[in-house]
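The first chain written gets the first letter, and so on, giving A, B, C, D, E, F, G and H; residue counts start at 1 in each chain.
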Amino acid sequence: MELFVNGESVKTECSTIEQLISSLGFSPDSVVAEVNLKIVKKENLAGTRLKEGDRIELVNFVGGG
Amino acid sequence: MEDFLRIGNIRFSSRLLTGTGKFSSLDHIPQVLEKSGSEMITVALRRVDRHGKNRNILEYIPETVTLLPNTSGARSAQEAVRIAELARAGGCGDFIKIEVIRDMKYLMPDNAETVKATRMLAERGFIVLPYMTPDPSAAQQLEQAGAAAVMPLGSPIGSNRGLETKEMIRIIIEMSHVPVIVDAGIGRPSHAAMAMEMGADAVLVNTAIATSGDPAAMAEAFSLAVRAGRNAFLQSMPAKLANASASSPLTGFLD
Amino acid sequence: MEDFLRIGNIRFSSRLLTGTGKFSSLDHIPQVLEKSGSEMITVALRRVDRHGKNRNILEYIPETVTLLPNTSGARSAQEAVRIAELARAGGCGDFIKIEVIRDMKYLMPDNAETVKATRMLAERGFIVLPYMTPDPSAAQQLEQAGAAAVMPLGSPIGSNRGLETKEMIRIIIEMSHVPVIVDAGIGRPSHAAMAMEMGADAVLVNTAIATSGDPAAMAEAFSLAVRAGRNAFLQSMPAKLANASASSPLTGFLD
Amino acid sequence: MEDFLRIGNIRFSSRLLTGTGKFSSLDHIPQVLEKSGSEMITVALRRVDRHGKNRNILEYIPETVTLLPNTSGARSAQEAVRIAELARAGGCGDFIKIEVIRDMKYLMPDNAETVKATRMLAERGFIVLPYMTPDPSAAQQLEQAGAAAVMPLGSPIGSNRGLETKEMIRIIIEMSHVPVIVDAGIGRPSHAAMAMEMGADAVLVNTAIATSGDPAAMAEAFSLAVRAGRNAFLQSMPAKLANASASSPLTGFLD
Amino acid sequence: MEDFLRIGNIRFSSRLLTGTGKFSSLDHIPQVLEKSGSEMITVALRRVDRHGKNRNILEYIPETVTLLPNTSGARSAQEAVRIAELARAGGCGDFIKIEVIRDMKYLMPDNAETVKATRMLAERGFIVLPYMTPDPSAAQQLEQAGAAAVMPLGSPIGSNRGLETKEMIRIIIEMSHVPVIVDAGIGRPSHAAMAMEMGADAVLVNTAIATSGDPAAMAEAFSLAVRAGRNAFLQSMPAKLANASASSPLTGFLD
Amino acid sequence: MELFVNGESVKTECSTIEQLISSLGFSPDSVVAEVNLKIVKKENLAGTRLKEGDRIELVNFVGGG
Amino acid sequence: MELFVNGESVKTECSTIEQLISSLGFSPDSVVAEVNLKIVKKENLAGTRLKEGDRIELVNFVGGG
Amino acid sequence: MELFVNGESVKTECSTIEQLISSLGFSPDSVVAEVNLKIVKKENLAGTRLKEGDRIELVNFVGGG
């Protein structure tokens, strides 16, 4: 399945957003996800299924002033 | 005597806000928080770095410290709202520091967009702390739009030049019904003390702490200066005089 | 890490000197010393007041605090020497703050007479701290005459106007081989912090503490500010920049 | 060498704008214009005073001087437009200085309403000179809205305190594509010279001239200062140095 | 109205003194004198350069301009006297600017030696203008020693940093019975205007003129600024206000 | 006829705005007039007739900064 | 016996400087004495006898900055 | 004859200070001379004779502030 993660094309076998986050090496706890411009709540990460062509944003907190 | 800073529904004992930007190592952050006693700290939000280290900055911040995510990177009110919602979904709570900046040289905030963002985010239940160019009318508009505090800049961010906008900040403090937090440009403890002596409710210091040789020691220095300035403000300092006024008896010794 | 101020043969932990002039009640003095941690305090000498209260000011000063009698009232080096000898006979030890003043409006010290007095008193075994108008050449001459420290004024005594002579003091600090103590004019904690950030070794504050609503609280504020400024000086503060320097990542949020 | 200030379609030789407020007698105005060489002067518009003297201020201003009516009294963009249209109907030409002020203590202009008024009046063919609180982003917005020049304030109107907002004005000058005229707070010739040295295109001085003992002489003083500062700016002044640099040979006399 | 500066037995119309140091070509000097209207100019004295060009600097200075030789290179009063006598033997007249400097980094004058040199030269019939570090007591001593004027520095020579010693100069002006000429550090016309507004009797500008791109144009700029500041001083400028004071009627437009 | 001039009630016999201005002691040249919120051009002052209840604003230039 | 204390004429029966200080209401510990321009050390206060016409200065510490 | 001019040894045939100044390429008008620490007045330059070992200072005006 092909997705667009943070603007780049990614091919994946993951079926949920939570799996995708883990497969990229992040802890789902530390990442916020948007699927097709809608924010996914933490408690829904495991239940949100991916579809071909989904546009996904994954962001996390970094240092800032 | 108790002297709390109240923002939203929270009471803070410390009037020094800190930031997490520009540290050479994130390991400095817990020490900075401990030495300064700071109870609120800023963080930013960015796309995950798929090729870098994945250290979670939140792990360096004790639970007792209030997180103040900022909307840095926003070029418009709309973008600021999107970033704020992502930050809240990330579990950072309802506090948000609005930054909307279009000028990439001096990084001066855009007050007009900031007023819009403040209104939108206050309506969505955020505790909104807008970072602003120090314009008294804009401060009034931010307050009317629902800001929980206003954050005028002292001088361009990261410049360490102190309170170049002092006279505008003085007017903002006089007019404001919400806390005034001086943000940006505070490069030395004396700058922080001066802001507090003028009646600012708090200051935010990031660059001057993070880029010093010993961030924890510098954080403590700023914390002392903030307390010094606040105490002096509460005692209402004596006035400046045009002439001298002797501190010893003025008579000649054997007159 | 230890960071002592050494004057004469004594080591001081505190870099805030205080004074005993202008208090509404002498009862404030012990509290001021306790809250500020100050370890050296000035006193003056005058003919006894046969018709007033005879309260001995020395009883308000703990033994652990070094007394620094001043020569206020002296109009010449000769008079300063006489006052210093009387102070020493009074059991106040060897420290002496020289003040020779002829200008009764702005109370600016007379550097030429002060150099003479310094030489005479150093030869008589005093630990001499001359109060001076901030002139770098005069500071050199005081040092050569045997001063244990030099005390340039920030602005006219009691004026609370801060470091109006900042640039002269900066040069004096750079050139001096003895401690530089900024005296006079320090009206706010931010002034004290600024002096210490510039590299002053200590500051003396009297009027701003003694005439505030709550002298002990104000003394504590100055003490915090002195520590803040000293710590920042020791960390070598980051430089001032002409432009801005972002504390959050500079990219647009989703760039 | 020719060095004109161009606003709208007019070329001005003088970079000193004057005003007609606060004079003890209107008879000063022609002398002020003559001695200063000022080529543009502000006037205000008000309901006729049915019970006072009916002296027509325009009769005191030579035809060669460009009139710059202001919208003082306006509390909103809408009111500013109404006043501007009345001024134009009064035969004053197309120039208009926008003033929209809601803060009756410090009289700081409301930038948000001023941007709106600028857009509306530029669309109606006015040559728009908005008076503003010095916020660089707002200056950009005024320019985009069609301002022919921007007029940031140096300090509160009538305060004579000079360029308290200097660092903001510096950024506005650097970013601006239209002339920058520093207005308000210029109380001394040195203030005017400093504004011009920084690169301001002109200054507007009213209070300091009108309320001086000899308005014509003071107008001439400001005119000289504006020329001095402009000339220095055009020659690009030498840089400030951290140390000294001898103007005589540095060798000892007989080395 | 006549407003002359009197020094010794001479009346000067111009209050701008110039210098001959640091010019890229001596050919600038006559133009500088013409454009500035300066009536007094400094020169230095040195051993002849047997291997260089032998251009006589005096040929570039019109006879109507008063020469003010300085004693640069002197490290003591004795050397200053020797240089002064050589200058007088060279036919330069009786005016002498005393410079005694031992500090080779900041080039700050030594007031103690300068007082001695002033006394010796006044007794020998010179018109003595001592260059000094701005210390009010030293200024009094120079006056008593016979100085015809005193020349306190604004900031280190050649630094172009302006009136960093402003508050000391203000006191010197208030106390002085002889003309006060601010010398050194005046880098911009606004600095010169400010000195004159404070009541200085004249200023001396060398580096900022000599090292500018167009010395004659810069000299004219300083000349305008000096006149501007002087005129403003004579009119007694209006006071600074803490708040705003409207220059247009304060009523709403249709109230 | 009753008019409202600058917010105050005025009784007048004048039939034009120009006459009104003159009757109040002003030169029509130095005054700008609004009748019922519409500005009257200088050239129309003589031709603009007054009606019962007109709301008139008369303004002129004064000193200002 | 007549003395001059701090510039003023004083008549006294005291025979030592210590007695004089006490008689004026001060503690000898807190006062420094000069007799005819010579400072009297604390330990000599009791042993220093007064003579007719002595010029005496008595000073003590006061508040000063 | 050997002289010391401005600290340097100079061999010369000149017999007066005026000749010496000219021989060094300067106009006597623009130079001030000291011979053995005594200033020579302009009018005496031609009449001041040089002697073996004289210590001479020649100075002139230069740019200075």
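In this text, contacts are C-beta pairs under 8 Å (C-beta built on N, C-alpha and C of every residue); 3 or more make two chains touch, one makes a residue touch a chain.
Here the structure is a predicted model, which is why all the values come from computation and not from measurement.
Each step here moves to a touching chain, and the least such steps from subunit A to subunit E number 2. Distance between subunit B and subunit F, defined via averaged C-alpha coordinates, is recorded as 56 Å. Inter-chain centre distance (subunit C to subunit D, centres taken as mean C-alpha positions): 46 Å. Centre-to-centre separation between subunit A and subunit C, using Cα means, comes to 62 Å. Centre-to-centre, using mean CA coordinates, subunit E is 33 Å away from subunit H. Multi-chain contact residues of subunit B, defined as those touching 2 or more other chains: 19, 21-22, 42, 44-47, 70, 72, 105-106, 108, 156-158, 161, 206-207, 210, 246-249, 254. Residue positions 57, 62-65 of subunit G each touch two or more of the other chains. Applying the touch definition to every pair of chains gives A-B, A-C, B-C, B-D, B-G, C-E, C-G, D-E, D-F, D-H, E-F, E-H.
Looking at the complex, you find that subunit E touches subunit D at residues 19, 21-22, 42, 44-47, 70-75, 79, 82-83, 99, 104-108, 156-161, 187-194, 197, 206-208, 210-214, 217-218, 220-225, 227-229, 231-232, 234-255. The residues of subunit C lying in touch with subunit E in their complex are 102-103, 105-106, 108-112, 115, 133, 135-138, 140-141, 155-156, 161, 164-168, 171, 175. Chain contact summary for the complex, subunit G toward subunit C: residues 6, 24-27, 29-32, 34, 39-42, 57-65. Those residues of subunit F whose C-beta lies close enough to touch subunit E in the complex are 6-7, 57, 62-65. Only residues 19-23, 26, 42-48, 50, 54, 56-58, 69-70, 72, 85-87, 89-92, 157-158, 204, 206-207, 210 of subunit C touch subunit G when the two sit together in their complex.
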